[in-house]
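I'd like to ask some things about the structure below.
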Amino acid sequence: MSDQQNVPPQAPSAPQAPAAPKAPWEEKPVTPVPQDARDHALVREIVAVLPDVVLEAVEFAGQITATVPCARIGEVCRTCKERLGYSFLVDLTAVDWQERPQGRFDVVYWVHRFSDSKRLRLKVNVAEGVEVPSVTGVWKVANWMEREVFDMFGIYFSDHPNLERILTWEGFNGHPLRKDFPIEGIDTGAAVYPEVYPPGGGPVAGGEGE
Amino acid sequence: MSFWGFLASVLPLELAQGLSVTGRFFFKRKATIQYPEVKPVPKDRFRGMFGFSEERCIVCHSCAKACPIDIIHIADHFEEVEVEGKKRKKKVLDRYDIDVKRCMFCGLCEEACPTEPVAIWLTTKSYETAAYERNERLYFTKERLQSWDGVRAYPGVVTPAEGQMPGDPTGGSGEPER
Amino acid sequence: MGNLEAMKPFPDSEEMEISFGPQHPATHGVLRVMVKLDGERIVDAKPVIGYLHRGTEKIFERETYNGAIPHTDRMDYTAAATNNQGLVGAVEKMMGITVPPRAAYIRMILAELQRIASHTIWLGTHALDIGAQSPFFYTFEEREKILDLYEEYCGARLTLNAMRVGGQPYDLPEGWSGRCRTFIDQFPARIAEWERLLTTNRIWKLRTVGVGVISAENAVEWGLTGPPLRGSGVKWDIRKVFPYDHYDDIDFEIPIGGNGDTYDRYLVRMEEMRQSVRIVQQCLARLPEGPVMAKVPKVIKPPKGELYFSVEGPKGELGYYVVSEGGANPYRLHVRPACFINLQALPEMVRGQLVADLIAVIGTLDIVLGEIDR
Amino acid sequence: MANPWVAFLLVPLVKIVVILGVVILLAAYLSFFERKILAYMQIRIGPNRVGPRGWLQPIADALKLFVKEDILPSRAEKLVYMLGPVLVTAPALVVFSVIPFGTGFTLFGAQVTPYLTDVNIGILFILGVSSVGVYGIILGGWASNNKFSLMGGLRSAAQLVSYEVPMGFSVVAVLLMANSLSLVKIVEAQKSAGVWFVFPGLVAFFIYFVCGVAETNRNPFDLPEAESELVAGFHTEYSGMKFAFYFLAEYANMIVISSIATVLFLGGWLPPFPSWLAGVWASPVFTWIPPVIWNAGWFVVKVFAFLFVYIWFRGTFPRYRFDQLMALGWKVFIPVSLVNLVAVALGVLLIGGPR
């Protein structure tokens, strides 16, 4: 239960617990703080196999994040799966840090090991236009996840068997989850009855959305 | 599982057993509610059509901020009011519009309302807001919010037009219990 | 579709491409499956999704954390309570909030009722897909009772918005637990009734046994979670592995199947409903008194950091990946949709089977397009 | 009856009109009964808005379908597309000409039979004519130029071909017992035998009934129009009156299959246990009923019992898969019906003794 390490202990479920000290839910919550996790057992495991891949390791709320170089993610994932037993890719997604100098995107892999139910988050920094090695060869499940990341962020994955848009349509202009994509959406040319319902919502002329 | 499998292979009567189930349902009480004649009774916390009270509203914009889809549009101005001999500035509501056609009836505006009792609430039990034209008819200004023009009130619900409902956000009085 | 050119077989094959959906009675919404058929046999199937894409993850970025909860309702709209539970759980864990036990128990009750409700929909539609009409109505009757309980608790039937960061917005209404218990106590008899109709039925077994088989290794490889994974024999449930709320205090079993076929997944889900009944019974029995809301700041501002939190939704592991910059809005809120990932295995499961099996497999995956497309 | 032309033309014409009218009305109302019965099995009420308790619903449906726009797919084979519903409806109605609803009776001094005609190869006529109906389904499915329709048509063709055979064999078993192909004679044979053929021919009856369900494309064999798989199967593209014809034909076929089953196995217009309970049926409690009503009443009751079971099946069972349907037909029903045929033949031979 690595997930639960930094969380305050669960309240006893007994209803009439003596309430002499304040119950944890009445106190100000103790927020977890990120800690360096280079010495964490999970990170050490990776380092033992691939000594120079972990650039940074952070523990937050019991969850380990290991940042690895972008070019080696395929290798790291294969090692994780084949030698460390992380047979299950839980999630794969990306985060857009628009103004960050060292690579705009984070691609985040969240892997799971069944033997002791440990989870590990791998992260790579990707600059715009840089191709990330695809992990579809490692886990089949990564296929659609990478397509979704491609669709939503415009991150290209090399060696992906079928890198197409998945949620938006082919020819959609832009990548919606990028921070510079306007939140109100773009004009895709798919307006419905623009002559009947002018853009802007309610019928109050000029009075909408202030 | 294997037990059931075994049983099924031994007794070829499972089709008749299925027929007996549907056959028994044939005589059961029916679940249909004849809607326009019989209306299902919403529960007390049912999040139905909006109720709004202008006199309770303190124009704090909390509801508009809490609204996840920004459908509450508020505009106000300050007015000099004389309260107990002192001149005070008071916010006066110019516009309080709710674009009900986009509303998802989450109730966050009601939770955000700081007045006691709340000035905007959803538990009025009335749900018959259907309209033939959505942009005009489902766009509720503060006058329409209080008069409920275009909303069929649930039987027993006091509409804001027929007098306010101080302290009783459900708006109802003596609803039939289900 | 519909023109003679398209109907001509491919030059050197007898294959026909056919588009199932997006408007099709059995695709549970707007799923489109491009199926390549050789006669009735499926050569290849390619799911096409995105017809219901609403940009939920983008919308999350402009919402406050509590304001995002109603949007989660609309992802898997048959299981709003577990969706809420995942999001509030993630934010609470990020902020280190301990939920009052009463609130946690209420959450568990709501979530398990939701699991039952979701599985009843699944059973009804799955049976309808396979051709049995009546279970659809029987299951929906029971589901209505759950929705009535929800309506009484939070005022909504489908899109509940019934949880907040830090606890529950409302306490249980007067007499609610009694009514809930009444429902829960009569429910196993109803499950037995449905099982009498289907479990031993030879047509049902013909249609489900050996259909859509996926081995345990393949299921893990394809990232299946929830009943599809358990149906293949992997004993894995977030409620047991990473217990949230107070699931570690509750005694329940994880049903697993052996063959990974549609029939096993059916049995797993039926048993899961019984286990949910057990959980609700235990929760109602130990429901503690006390507040339902922890002391939380008025504006929810999790610290800078990133966190993944998952709950066992009715469809599988429903995860929320929250990236916070310390502000009132999430910087990024990603959802790991169980249906999206489960659906990916569809071609693997139907290849070489018949058209009718495609329908059965779509039904057994229990997909909800609202969650797939978000 | 002075003028022989009256008996030759007018009487059959009247009969045709009456039978057609009753059958079409019955088919329409069968859809109403089906919806009601299904609804009651599914804890619903069913149609109850049109007319008192919904009794005018079929009329409203028919009116709606009449005035509905008749869509012709632009790429359809127009002639065949329009021929489909006709080809499927006409045989379903023609079959009723040989079904005996009762024995002859005297009306205004003339001998009237409550059926159009008694062909001496009646059952052969029925099997032959009703097989034509499948062409309507195949052609309609093909001409729609829709892949779902095409698949529905193909399924229907395969299904009908497979199930016609065991059905024929089970009918032959009855023919052996009755020693006649005429439907009237078959009923009379049951009367003289004193027992409905369902008891000596239980296996044949079961096979006939299941095959009948398959022949009419009803659940659990409703693959040609499997809603969840093929949208609406062969009639996906049909609308308006053409759709109504398919609809009518389906229900008329149900009535046909039930009527034939009644005639072949349940003694047609005979009351239950005609010889054992002969005393009961001859008692004054029943004899006041005019024989024509009495006979037709029994006939209708039996047909409706069949139809109820049809609908009950639909409310209960899942649908077979295509290959399972074929396997059931070829691997189970055909061998069983063949063995049954031999058994029945032997039985007839042994019981009947040397002639």
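To keep things simple, chains are lettered A, B, C and D as they appear, and every chain counts its residues starting from 1.
Methods note: a contact is a pair of C-beta atoms (placed from the backbone, for glycine too) under 8 Å apart; a residue touches a chain by one contact, two chains touch by 3 or more.
None of these values were measured; they are calculated from a predicted model.
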{"item": "Chain labels contacting subunit C and also subunit D", "value": "B"}
{"item": "Path length in steps (a step moves to a chain that is touched) from subunit A to subunit D", "value": "2"}
{"item": "Between subunit B and subunit A, distance of the C-alpha-averaged centres to the nearest whole Å", "value": "36"}
{"item": "Separation of mean Cα positions, subunit D and subunit B [Å, integer]", "value": "53"}
{"item": "Computed distance of Cα centres, subunit C from subunit A, in Å", "value": "21"}
{"item": "Separation of mean Cα positions, subunit C and subunit B [Å, integer]", "value": "26"}
{"item": "Per-residue multi-chain contacts in subunit D, two or more chains", "value": "41-44, 315-317"}
{"item": "Subunit B residues counted as touching two or more neighbouring chains", "value": "15, 18, 21-22, 25, 31"}
{"item": "Interface residues, subunit C side, partner subunit B - complex", "value": "63-64, 66-71, 73-74, 134, 137-138, 141, 144, 148, 151-156, 159, 161, 169-170, 173, 193, 196-203, 205, 257-258, 264, 267"}
{"item": "Touching residues (chain side subunit D, partner subunit B) in the complex", "value": "37, 39-45, 312-313, 315-317"}
{"item": "Interfacial residue positions of subunit B with respect to subunit D in the complex", "value": "15, 18-19, 21-23, 25-32, 34"}
{"item": "Parts of subunit A lying in touch with subunit C, wherever the complex brings them together", "value": "1, 3-4, 6-8, 10-16, 23-34, 60-61, 63, 65, 87-91, 93, 95-96, 108, 110, 114, 117, 119, 121, 139-141, 143-145, 148, 152, 165-169, 176-177, 181, 183, 185"}
{"item": "Parts of subunit C lying in touch with subunit A, wherever the complex brings them together", "value": "49-50, 53, 55, 57-59, 61-62, 93-102, 105, 166-167, 220-223, 234, 236, 241-243, 246, 248-249, 286-291, 294-296, 302-310, 317, 319, 321, 323, 331-332, 334, 336, 340-341, 344, 373-374"}
